[in-house]
Amino acid sequence: MKLFEYQAKDLFEESDIPVPRRSLISDASEIDGAVEEVGFPCVVKAQVLRGGRGKAGLIQFASTREEARTKAEQILGSPANVPSLLVEQALNIDKEIYLSITADPVSGSALIMASAEGGVEIEEVARTMPDRIIMERVKLSEGLLPFQARNVMFGLGLDADGVRTGSAMLLNLYDLFREYDAELVEINPLVVTGDGALVAADGKVTIDDSSLHRQGRFTLGREYFESDVEYEGAMEGIPCLKFDGKIGLMCAGAGLTNVIYDLVNYGGGSVASYIEFGGPNYRKAVKAMELMMRTEPKVVLVVTFGTIARADVIAEGLVDAIEQLKPEFPVVTAIRGTGEEKTQELLRGVGLEPLTDTEEAVERAIELTTEVRR
Amino acid sequence: MSVVLDSSTRVLVQGITGREGSFWTEHMVNYGTNVVAGATPGREGQEVHGVPVFHTVRRAAAEFPADASLLFVPPRFAKDAIYEALDAGIKTVVVLSEGIPLHDALQIRRAALSEGAMVIGGNTSGVISTGEAMMGFFPYWIERVYRPGRIGIMTRSGSLTNEVTAQIVKAGFGASTLVGVGGDSVPLTRFAEVLPMFEADPETDAVVIIGELGGTMEEEVAEAIEAGIFTKPLVASLGGRTAPKGTKMGHAGAIITAGKGTVEDKVAALTGAGALVADRPSSVGEMLQSVLEKVG
Amino acid sequence: MKLFEYQAKDLFEESDIPVPRRSLISDASEIDGAVEEVGFPCVVKAQVLRGGRGKAGLIQFASTREEARTKAEQILGSPANVPSLLVEQALNIDKEIYLSITADPVSGSALIMASAEGGVEIEEVARTMPDRIIMERVKLSEGLLPFQARNVMFGLGLDADGVRTGSAMLLNLYDLFREYDAELVEINPLVVTGDGALVAADGKVTIDDSSLHRQGRFTLGREYFESDVEYEGAMEGIPCLKFDGKIGLMCAGAGLTNVIYDLVNYGGGSVASYIEFGGPNYRKAVKAMELMMRTEPKVVLVVTFGTIARADVIAEGLVDAIEQLKPEFPVVTAIRGTGEEKTQELLRGVGLEPLTDTEEAVERAIELTTEVRR
Amino acid sequence: MSVVLDSSTRVLVQGITGREGSFWTEHMVNYGTNVVAGATPGREGQEVHGVPVFHTVRRAAAEFPADASLLFVPPRFAKDAIYEALDAGIKTVVVLSEGIPLHDALQIRRAALSEGAMVIGGNTSGVISTGEAMMGFFPYWIERVYRPGRIGIMTRSGSLTNEVTAQIVKAGFGASTLVGVGGDSVPLTRFAEVLPMFEADPETDAVVIIGELGGTMEEEVAEAIEAGIFTKPLVASLGGRTAPKGTKMGHAGAIITAGKGTVEDKVAALTGAGALVADRPSSVGEMLQSVLEKVG
C-alpha cells in the first residue's frame, strides 16, 4: 500500500524527521489559508501516487497568493485525477540527498541506500554513477546501529554536525520502516538547506500488503486507485488492473498472467484488463465477471491450470457467472487441472469451446477481437 | 535420484490437523512420502491418516526425528512455525503460505542462512520429487504434468508451472524434482541456492527455470553458470517481457524495483552465460530437445 | 535495583499479567479501606526486599477485619524495618508454578526457567529435582517466539487453555524483562487457581544497575536500603555495606575486597563495613571516610593496588580525610601502585605506617581490634 | 610467545581522542604495541601520538587493516562500538568500560559467538603480553608486577590481579600474557575460551586464574581440564569463601545466583579436576613452585 506524500510526511513528523511547513487542501478555495500557514515562496504539489509529477506539471512553485491560486486551480483541474494538494514552504536548497530503506531479499536484511546525487531517480544514479550509491545492510533482528547510520552520513560527505543530525534522522526513519512494516521508505530529495539543516522535501512510504492485518492506521479508499473497478476489485480481494486494449484476461496467478500478457502482445493483440482468477479467488467467478464486464473488453480469455483451484470448480463458477450476467462479449477458455472431463462438459453446456492449449486460446482471442472489430 | 527430498526423507507436518494439512497429508502419504509426525498445539495424541500428532515440534522430534518439515499455517504464523522447526534442528523447511509479512520473510531468510538451513517458499506449491515423495500440494495425478524424468525444475509460479511442465512432458521429458521457490518478493530460498543440488544429482540431466520479471534470481543463475558452479544445460522460461512497468500482476515478486529485474536484463544475463531462454512455454520443450540431443 | 513486590505487581498489571486484587498501606490505620477493596480471606505482606518473609512471619493471612488489623500492626511494629504492607486477596490455589526470566551469561541469551514445583525456592528445586526445571533460552535479538512460550507451558503440563493463557502471559513477562532492562523477573508462585486462571501471587523484578540511566521510572530512596549509611553511600556513587564486626574495609574492587574479607575472617577478625575505595571513587576519600566513621569500626584497613587509581592520589585523599575528619580509630594501610615512594612519604606524614604486604596489613588490623578490645 | 596479542598485532583504538584513549595510547605505543589507527567520529585527519584518526572503523580499516580493536568508550556506547569493530571484520576486541548494560552485554556476547570473534571485557584493565604489547591500562612500569615470564594469567579482577601477580613474581615467575576477562556478570569472553590459547602457546608453562564467588567460569575451567582440553598445570586463586550470601561486594559478577557459583562449588570442581586452589594470594607463588618443579 503506497501512501500519499502528505501521509508520508505526517509519519516523518511524528518520527522527528524534519519536514517543511505544509498544508493539505482538497479545493482551490482553501488556498488562502494554506499559504497563510506556509508562507512564500511555496510549492503546490498534486497528491497522486504515480511518479513523474514534476514532468507532468503536477508540482508548481508560487511566489504570490494569486500565483498560488492559479497553480492550484490548474492542477486540480487537470485531466489527471488529483484528489488533493499539498501546499508547502519552498526550501532554500544547498544540496539534495537521496535516502531510502527497502528490503534486500538476497541477504534477508533491510537495505539503506543513500546518494549525494539526490533529486533524480535512484535508477538513474544506479545506471550512470553506481559508485555514488552508499549501501548499508541492516539485520532486522539487530536493528540499525548508530555506527551504521554514521557510516552512511560520513559517506555522504556531511560534516560532523550533519552526521549527528543525519544519523539521528536515519535512526528515526529506520524505526518508521520497522514500525509500519514498510516495503519502502524514501526521501528524495533530502534537502540540506542553506543553514545546514536536513529537511525531507519529498516522502514515499509503501506498506507491505501482507502486513496490513497488523497495520491498522491506513485504510485503502477510492483515492488510492486509478479506477473504480480497480478499487472495487481490491475491496473484494480480487486484484484487478485496467489497460487500454481489447482482451480481458481472467487468469490464475502472476506467472501465468505475465505469460499470457506477453503472448497477446506477441500476437498483435492488446489487453483490456486483468482480473486475478486464481488463489483464493477461484470461487469468486460471478464477482470477477461483474468486474470484468465493467472494464468493457471485446473478448474475455480465461486461462487457468490449477492445483488447489480445481478446474471443474472454476468452470462451474464461470458457467454460473455467464448464466447470471449474460456478458455480450465472447469468452475463450483454457481451463486445465483436476476434473478436466467435467470441466469440458460444463463449458460445452453453455456453448463454450473448452480449449486445452494456451497458445491456441490466445490466438483464438486475438482472432475474435479482429472479428469483433470488423 | 532427486534433490531436496526423496522417499526416505522423514517429513514432519506442522499444522497437520487443519483442513488443508489433513487433506494433503493423506495425498502425500499415498504418494509415498515418509510422513513421520505432525504438530498442532493442543492436539497431541490424535492421528491424521495414521500420522501421530504432537503439541510441539520439539516433542514430535523427540519421538520421531525428522529431516524436513512442511508447514500448513496461516502466513502471519509462518515465522513462528519456521523458527520452531529450525530450533528443533530441522534443516529443510517448506512453507506454502501466501502472504508472509515482508519483514518476517527477511528475518526468516536471515535466520535460515545463519542456521545453514533451507527454507523453501512461501507462496508456493512446494517440492515434488516425481514418483517418490512430495511436500506441498501438487495434482500429481495429472500425468501429462507430473511425469517422472531427468529434468530439474525450479519455479516462481503456480499455474504457469503446470503449463510449462506439461510442455516438458509433451516433448518427451519428465521431472526429477520440481522446486517451487515461490512467488514472493523475498523467496526464502533462491534459484541459485538449489542449483548446486541439481548439479550434484546424477539423475538430473538439465534444469528448467520458470522465471519472470522482478528480482534478481535469474541473474544469479546466470552468475552461477558463469562461475562454473552449474554446468548442465539450462533452459529458462521467462514471462513479463511486455508487462507495463511498475504494475503488480498478481504477486509481489513480479515487480521491477530500482531499475533491476527487467526481463531484458535477465535474458541478456542468461544467454550471455550460455543458457537458452524461451519466450513462451511451448518453446521450452523444443529447447530441451535441442540441448539434450547435443549432450546425449 | 531490586523492586518491591508491590512495584513488581504494578508492572505486571500494566503488562497484562494477572495479579490478585491488592492495596498498599503504610500505616495500620489504613487497613479497613484496604480489606474493603480486597475482600476476605486476605494476606498481609510486608514490603521488604530481603527474602524469607514467610519464615520471618512477615506474611500473614487474615479472615476478619480484626485479624487483619492485628496482623498489620504486628508486622509494621516488628523489629524488621517494614516501610509498607501489601494487603492482598487470598487465592484459591490449585497448583503453584515457578517462572522466571534471567540472563544466561554463557550463551548470551535470556533464560526462562519454569517448574511445576513452584512455591519453593528454585535453588531448592535445582538441588533436589533438577529435571523438573524447564529451561528455554531466548536470543534477545530475535525476542521470545510464541513457540518457545508454548514449549515452556506444555512442559509444565498445562492443558490447551492453560497453554494459551500461559504463553500469552510469558510473552508479556518477556516484554517487561526487556523493557525494564531486568536482571531478573520472577513469579513464584504463579498460581493456577481452582477455576484454571493463572495469577502472579508474588513478584520480583530486579533492574540492571548499569541500565538505570535509561530506566527513569524508579528512583532509589531510603526504603531500598538496610541502613542510612548504605543509602547515603549509594547516593554518592560509593558502594557501601554494613556488617556486625569490627574492621572497616576501604578497599579497591570486589575481587580484592572479597580476598581481604576472607583474610580477616581466616585470622579470627570480623568486618564492620565495606566502603568501595577504587574505580571512580578513589578521589572521594573524604566522603568515603565520613561514611566509614558512621559505621563505627574499631579499626580501618585500607588496601589498594591500583592501575588507573594512582597510589599517591589515593594516599593524598586519605591524608586529607584524616586531617579533616580526625577519626578516632587506627588506620592500617597497604596502598600500592604508581607513585609508591610519594605514597609512603605522605602516609608517614600523618603518622601512618605504610605497609606493602596485604596479609601483614590484615594481621595488623586484627591485632589492633584485639588491643582495642582490651 | 604470548596469546591474544603480541608486538605484531595491528591494533585499532576506538575513542582514541578522548582523555583516557589518548593517555593510554601513548603508553601502549611506548610499550611497543603496534597501534595502526584510531577512530573517533568527526576527528578524521587528526593524529594521536603519531596514530592517524578516522571518522569510522570502516574508514580506518580501509587504510590500515587491524587485527584487534581496543575501546575507550562510555559503557552505554560499548555495544555500538563493538558491533562496529565486528562489522569491519575485526576478530579480537577489548572493551574496558565498566557498566555495560546487562542486555547489551548479552547481545554483544551472542553476536561475538556467531561471528567467531573474541570480545574481551568489559570492566577490565585489558590484555597485556608482558614485554611485547598491551591493550588496556596496566602500570607496566611496576616491575614487581609486570615481569615477563611463562605463566598465563586470567582474571576477573583489577586490583586483586596486581596483588596476585606480585606474588607470582615474588616466587620467581613472570607472566606470558595476562587476560583480564573482567568483573561483569556477563564476561564477554570466558576463562574456558581463552584456555585453549594458553594450551597451544609453547611459551606458557602454567596458568593462574584469579577468580571469585559468583558465576560458573571457574567450574567451566575444571570441565576443560577434565575434558583434556587443557593439560598444563593450573593454579586458581579464589576469593569470597567467607562472603555473606547475596551481598554484592563491588561489582556485579561477584554474586551468587540460583544456587550456583559458591566458592565451595568452585574449589570442589577445580580440585576434582586436578588443579590447585589457593585460598590467599601468597599461596599462589608456592603452588606454582610446587607444580613447575614437578613438571620441569
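Letters are used for the chains, namely A, B, C and D, taken in the order the chains are written, and counting of residues starts over at 1 for each.
Quick note on the criterion: a contact is a pair of C-beta atoms (placed from the backbone, for glycine too) under 8 Å apart; a residue touches a chain by one contact, two chains touch by 3 or more.
Keep in mind the model is a prediction, meaning the values are calculated, not measured.
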**Prompt:** When the contacting C-beta pairs are counted for A-D and for A-B, which pair yields the higher total?
**Reply:** A-B
**Request:** Determine, using the mean of C-alpha atoms as each chain's centre, which chain is farthest from subunit B.
**Result:** C
**Fill in**
dist(centroid_CA(subunit A), centroid_CA(subunit D)) in Å evaluates to 55
**Between subunit D and subunit B, distance of the C-alpha-averaged centres to the nearest whole Å** = 49
**Item:** Whole-Å separation of chain centres (CA-atom averages), subunit A against subunit B
**Value:** 28
**For subunit A, residues contacting two or more additional chains** = 139, 141-142
**Item:** subunit D, residues touching no fewer than two other chains
**Value:** 107, 111
**Request:** Assign the assembly's chain-to-chain touch graph to one of these shapes: line, ring, star, complete, other.
**Result:** other
**Message:** Once the touch criterion is applied, which pairs of chains come out as touching?
**Reply:** A-B, A-C, A-D, B-C, C-D
**Prompt:** Residues of subunit A touching subunit B in their complex?
**Reply:** 51, 102-110, 113, 122-123, 126-127, 139-141, 178, 181, 183, 208-211, 213-214, 239, 241, 243, 251-259, 261-263, 265-266, 274, 276, 278-279, 304-308, 336-338, 358-359
**Message:** Could you list, by residue number, the parts of subunit D that touch subunit A in their complex?
**Reply:** 41-42, 55-59, 77, 79-81, 83-84, 87, 107, 111
**Fill in**
The answer for subunit B against subunit A in the complex is residues 75-76, 98-103, 105-113, 125, 137-139, 141-142, 155-163, 166, 183, 185-187, 190, 210, 212-213, 215-216, 220, 239-244, 246-254, 257-259, 279-282
**Fill in**
Given the complex, residues on subunit A that touch subunit D span 142, 145-148, 150-151, 154, 160, 163
**Message:** Which residues of subunit C touch subunit A once you look at their complex with the stated criterion?
**Reply:** 139, 141-142
